[in-house]
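Both complexes below contain chain A, partnered by chain B and then by chain C.
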Partner chain A sequence: MLSVKNLSKTYKGSNKGVQNLSLELHEGDICAFIGANGAGKTTTIKSIVGIHTFDEGEVKLYDTNLKDDPEHYKSMIGYSPDTPALYNNMTGKAYIELIASLYKMEADELDERLRYLLKELKFESAVHDLVSSYSHGMKQRLVLIALLMHNPKLIILDEPFVGLDPNATDFLVNEMKSRASEGAIILYSTHVLEVAEKICNKLVILNNGEAVVNDSMENVLKKASLNEIFRDVTSNE
Partner chain B sequence: MNNLKSLFLFRLKNQTQLSNLESSNKEVRKHAIYTISGYIAAFLMFLGYVVFIAIDLNVNNNIQAFFVLLTSILFWVFGIWNILSGFDDVIEGKDSEFIYSLPIKNWQAKLFYLLSKYLVHMVLTLTVLIFGSILVIPLAGHFLSVILMVILLSFIIPLVSTNLTFIISMLVRNILILVRLRNNVTESIITLGIFVTPLIYLIINSGAIGYKDWFINASILRYPLNEINSFPFLLNMLLLIAATLISTFLVIYIMNSFHDFLRNQINNRKKKRQENAAFKIKSPEIGLLLKEFKLYFSSLTYVNNTILTPAGIVIVNICILTGIIPGINSFSYDLLGYTITAQHIYTLIAFTSVILTTTTSCSISFEGRSVWIMLTAPVNVKKIAFGKILINVLLFVPGIILTAIVFYTVFHVSMLYLITITVLLVSTLFLISVIGFLVNLYFPSYNWSSDMEVVKQSKGTIVTAVISMITIPIIITSVFIDNLFLMLLIVMIEIAAIIMMVKKISKGSMVLE
Partner chain C sequence: MRNIFILGKVELLEAIRNIKFVWLAIFFTILGVTQPLIDKYMDVIIKSLGGIDGIMMDPNAPKPLANEVLLATFSGQFNQIGLIVLVISFMGMIATEKNSGVQGFIFTRPVSNLEYIVSKLFGNWFISMVCISVGSIVSYCYTIYLFDYYPFINFLLFLLFYSLWILFVISIAVLLSTFISSSIFIGITTIILAMIFMLLGGINETLALFLPSGALTLAESQLQDTHSNYLLMIAPIIYIVISLYAAKVIIKKI
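Presenting the complex of A and B:
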């Protein structure tokens, strides 16, 4: 279970950030994180994955507190940033090897999962090229391979569909569903509301750093379509 | 042309952080104020140095050589700075795609970075030379001639130094590609070596002891002010103007006509690598070390700025061991009643080389926007530090081994002294590497746009350099006193400091604020 309690984060020298956000996600949950630009989605995500410090609150994955045991906490998560800045001087293969080493993967499990991921994402040949020669979409695919190969219990994706071609998008949507059915927790930010409406069972809408909607997708959709709700929430800005 | 001017001013405002002074974020404004203050302080310090040399030359009745010396210092400083910065950013900047998308002519986009460099260097040179003129004209006269010379030199010095270093860099790169020996370390050492060779040759052959005489001998302006109206002076100026025009034309022609070729050469390293199907998993420590090697050798600027001392110490040792520097043991001179021997000077060079290393002080910042990989991976700062510190230590391993050999075979020190001095050298190297890492941990900067910004101008590097300057005299004094007990005591203190700092690193975090 991912438990985020009263998370607050304000950037030094500005009043932007996120205030008092609480969230509870269970095994099998797919949660869409929605909000206008600058609403605090990336700030929240970066706080949950351990990139940013946060001022107040608690983030726990099962019994592991992010602040108390960040190494163990991070060994259970897989994260894809909104802009996939990678080590340009490395080949895709070297990057995968680095991530596999850091997550202390076994050779046979790596081999099996990689074969599947490289094939599905059509990356078998490109993996030997230097990252600097990759397009945005290819970098995104490499990040997905690296995060999925170690079977994380919590998958956090920041606008994962940006830059992906339709094949890769289909793969990711199916993979998210399949990982969730196997017990993974998935939290992702997006502006593609149609996909979110189809695959998510939880929804959080952020506005000016506050969660204005935090409910199951089913309950939310009883009132109106996701598009209408989003427009309604953000029109008060 | 107006578009180009606006673009140049816009970019300059961003680069110098002037644009951030208007930011709504207080932290961003504060950072901009610190950075701009740093630039102003550095420039004022240089102007202070100009005052010092004017006074010094005047006291020694040599004020007529003022512009010869100043021209030489500016020329060599700009040249070395150009080589350390590298020319990759001049050929293809980080914002190239943005520049090419703007409504400017193709040649303007190709030459934009080069013209920016010319312009900034010319403005700096003009300011320094005008400041120098204000100091010197009352003492040496020749008002109109000096003003005319200053205007000409403001073009000549920056253009010739930039053009010369560009031509050397491109020649070295192409020859190394031709003989298939190109890598950042070789390119860096050979380029700098070729540029400074005339300076070193002139220093060695000058017979002078003071560095001002060295620079006067190595100046492109050969004649003092009292000969300003003479034919040799005019000929000197005419030759410099010709050299400036020819080299500028050549560089602009190369940049304009062979821009794609030069750009491909930068990206050549980005071509497909040898395919090897097997994926190998290492321990996290080895994985991180390999990653650090790749990160370090990926930047010509990083290598240029940090390889000098490790390579320098190897070169000095090889020169001593092969007899290129002969009769070193016979050298000695008295200073304030104390006899300085060759061994003292050699020790000073060895320790200064080790202490003046700033490889680790920008190693965290060098992660740049890729830092999220380390921040979200299940590794602690201690493991990250291991790789980054070890890189710096490994760079010095050949130099330290050769230093031990020189101490033993050339200076014939006892085995006990040899062990003590080697241990002191190694512990000092670890100490300065750990200090650098710790400083960078507290002053990281990930949003940089050019390698030079993080390698030489970051807060971490500057703070570490200041700490190094304070450390050098302490350690050197203990070595000069030549007391084994004192040296061992320093080793103990260094080890204790390393342990304390490693504990601090273990408790530290790279997590962003």
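Presenting the complex of A and C:
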């Protein structure tokens, strides 16, 4: 279970950030994180994955507190940022091996999972090329491979569909569903509301750093479509 | 420890792909041969530059000893222009990764802040020392060829203590990188601090006992064949440990 309690993070010289956010996700949950630009989605995600320190609150994955045991916490998560930040002078293969070694993956285990991911993401021919030669979409695919190969218990994706072609998008959507059915927790920010409506069972809508909707997708959709709710919430800014 | 080795290897791979090993080693080789050549052929150089009118060359001036030439190479070349170029070569080691988002991405992996910092310190120290060693050994060969013999083992001891000074200089840059985003500002501040420590350390040996530049004083005493006070190693080690600890604390907060 992912438990976020009263998470607050503000930036110096700015009133933007996130205030008092609480969230509880269980095994198998797929939660969409929605909000206008600057609503605090990326700040929240970066706090949950341990890039940003937060001012107040607590983040726990199962029994592991992010602040108390960050290494163990991070060994259980997989994260895809909104902009892929990679070592440009490495080949895709070298990058994957680097990440795998940080997760202490065995060679056999890595080979098996890698074969599947490279095939499904049509990355087999590009994996030996330098990262600097990749397009944004290719970099995004490489990040997804590095994200999924160690079977994380918590998958966090920041606007994962940006730059992906329809095949890669289909793969990711199916993979999210399949990983969730196997017990993973998935939290992702998006502006693609149609997909969120179809695959998510939880929804958080952020507005000015506050969670204005934090409910199951089923309950939310009883009131109106996701599009209408989003417009309604963001029109009050 | 394992992660330090893995991330350190990344530093080395980056240095190989950026041909940093090549250009930095060539640079230190040029610096290394400059001093012995100048000391040996000063009169020829002056003649070729337009004669020696107005310049008095003492024909009875004693030929410098090999260790004096080596000392001039390090204090005059490596510790001035060499240090500046060296700092430029690693001043962006953390800032560039922080600004590009790579550092954030590494911090979402099971890697501790200390492992990341130590990998940067030792990765860049190793790269620097390989390049400095290449230049130094070429300089040593030129010096013993053009002047007289100097025991290689003493020269290696000198390099060993000198490497402690380089480790300290890199630790300053690592510490500054945790709270400064501009690579240029990190570079300039590191150079200024290193120069201040060098100047202060040169005042007397007692003061050097409390300064990181004690490593440099100890290294130079090896070359001068004077009494070596090994207590001079303590202060640089303490400063390096303090820098690493401070960097770990600061990087966690930012």
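Keep in mind that, in the parts below, the second predicted complex is superposed on the first by the 237 of 237 C-alpha atoms of A that agree within 3 Å, B and C clash if a C-alpha of one lies under 4 Å from a C-alpha of the other, contacts with A are read in each partner's own complex, and residues count from 1 in each chain.
The working rule: contacts are C-beta pairs under 8 Å (C-beta built on N, C-alpha and C of every residue); 3 or more make two chains touch, one makes a residue touch a chain.
If you're wondering where the values come from, they're calculated on a predicted model, not measured in any experiment.
Peer 1: Based on the superposed arrangement around chain A, label chain B with chain C as either clash or fit.
Peer 2: Verdict on chain A: clash between chain B and chain C.
Peer 1: With both complexes overlaid on chain A, does A:Thr91 touch chain B (first), chain C (second), both or neither?
Peer 2: It touches chain B, and chain C stays clear.
Peer 1: Which holds for A:Ala107: it touches chain B only (first), chain C only (second), both, or neither?
Peer 2: Touch status of A:Ala107: first partner only.
Peer 1: Is A:Glu71 in contact with chain B, with chain C, with both, or with neither (first, second, both, neither)?
Peer 2: Both chain B and chain C are touched by A:Glu71.
Peer 1: With the two structures laid over each other on chain A, which partner does A:Pro81 touch: chain B (first), chain C (second), both, or neither?
Peer 2: The answer is both, since A:Pro81 touches chain B and chain C.
Peer 1: Between chain B and chain C, whom does A:Asn6 touch in the aligned arrangement: first, second, both, or neither?
Peer 2: In the superposed model, A:Asn6 contacts neither chain B nor chain C.
Peer 1: In the three-chain superposition, say which chain, chain B or chain C, touches more residues of chain A.
Peer 2: The partner that reaches more residues of chain A in the superposed model: B.
Peer 1: Chain C clashes with which stretch of chain B: 183-191, 237-245, 255-263 or 273-281?
Peer 2: 183-191
Peer 1: Do any residues of chain A touch both chain B and chain C, and if so, which are they?
Peer 2: In chain A, residues 46, 49-51, 53, 70-72, 74-75, 77, 79, 81, 83, 85-87, 89-90, 94, 98-99, 101-104 are touched by chain B and also by chain C.
Peer 1: Using the touch definition up top, name the residues of chain B that touch chain A in the complex.
Peer 2: Contact set of chain B toward chain A: 24-30, 267, 269-276, 279-284, 286-288, 290-291, 294-295, 297-298, 368-370, 372-373, 375-380, 509, 511-513.
Peer 1: For the complex, which residues does chain A have touching chain C?
Peer 2: My answer: residues 46, 49-51, 53, 70-72, 74-75, 77, 79, 81, 83, 85-87, 89-90, 94, 98-99, 101-104.
Peer 1: If we count contacts the way the header does, which residues on chain A are in touch with chain B in the complex?
Peer 2: Residues in contact with chain B: 11-14, 46, 49-53, 70-72, 74-75, 77, 79, 81, 83, 85-91, 93-94, 96-107, 110-111, 114, 128-130, 132-133.
Peer 1: Which of the residues in chain C come into contact with chain A in the complex?
Peer 2: That would be residues 2-3, 6, 10, 13-14, 17-18, 100-102, 104-105, 107-112, 252-254 of chain C.
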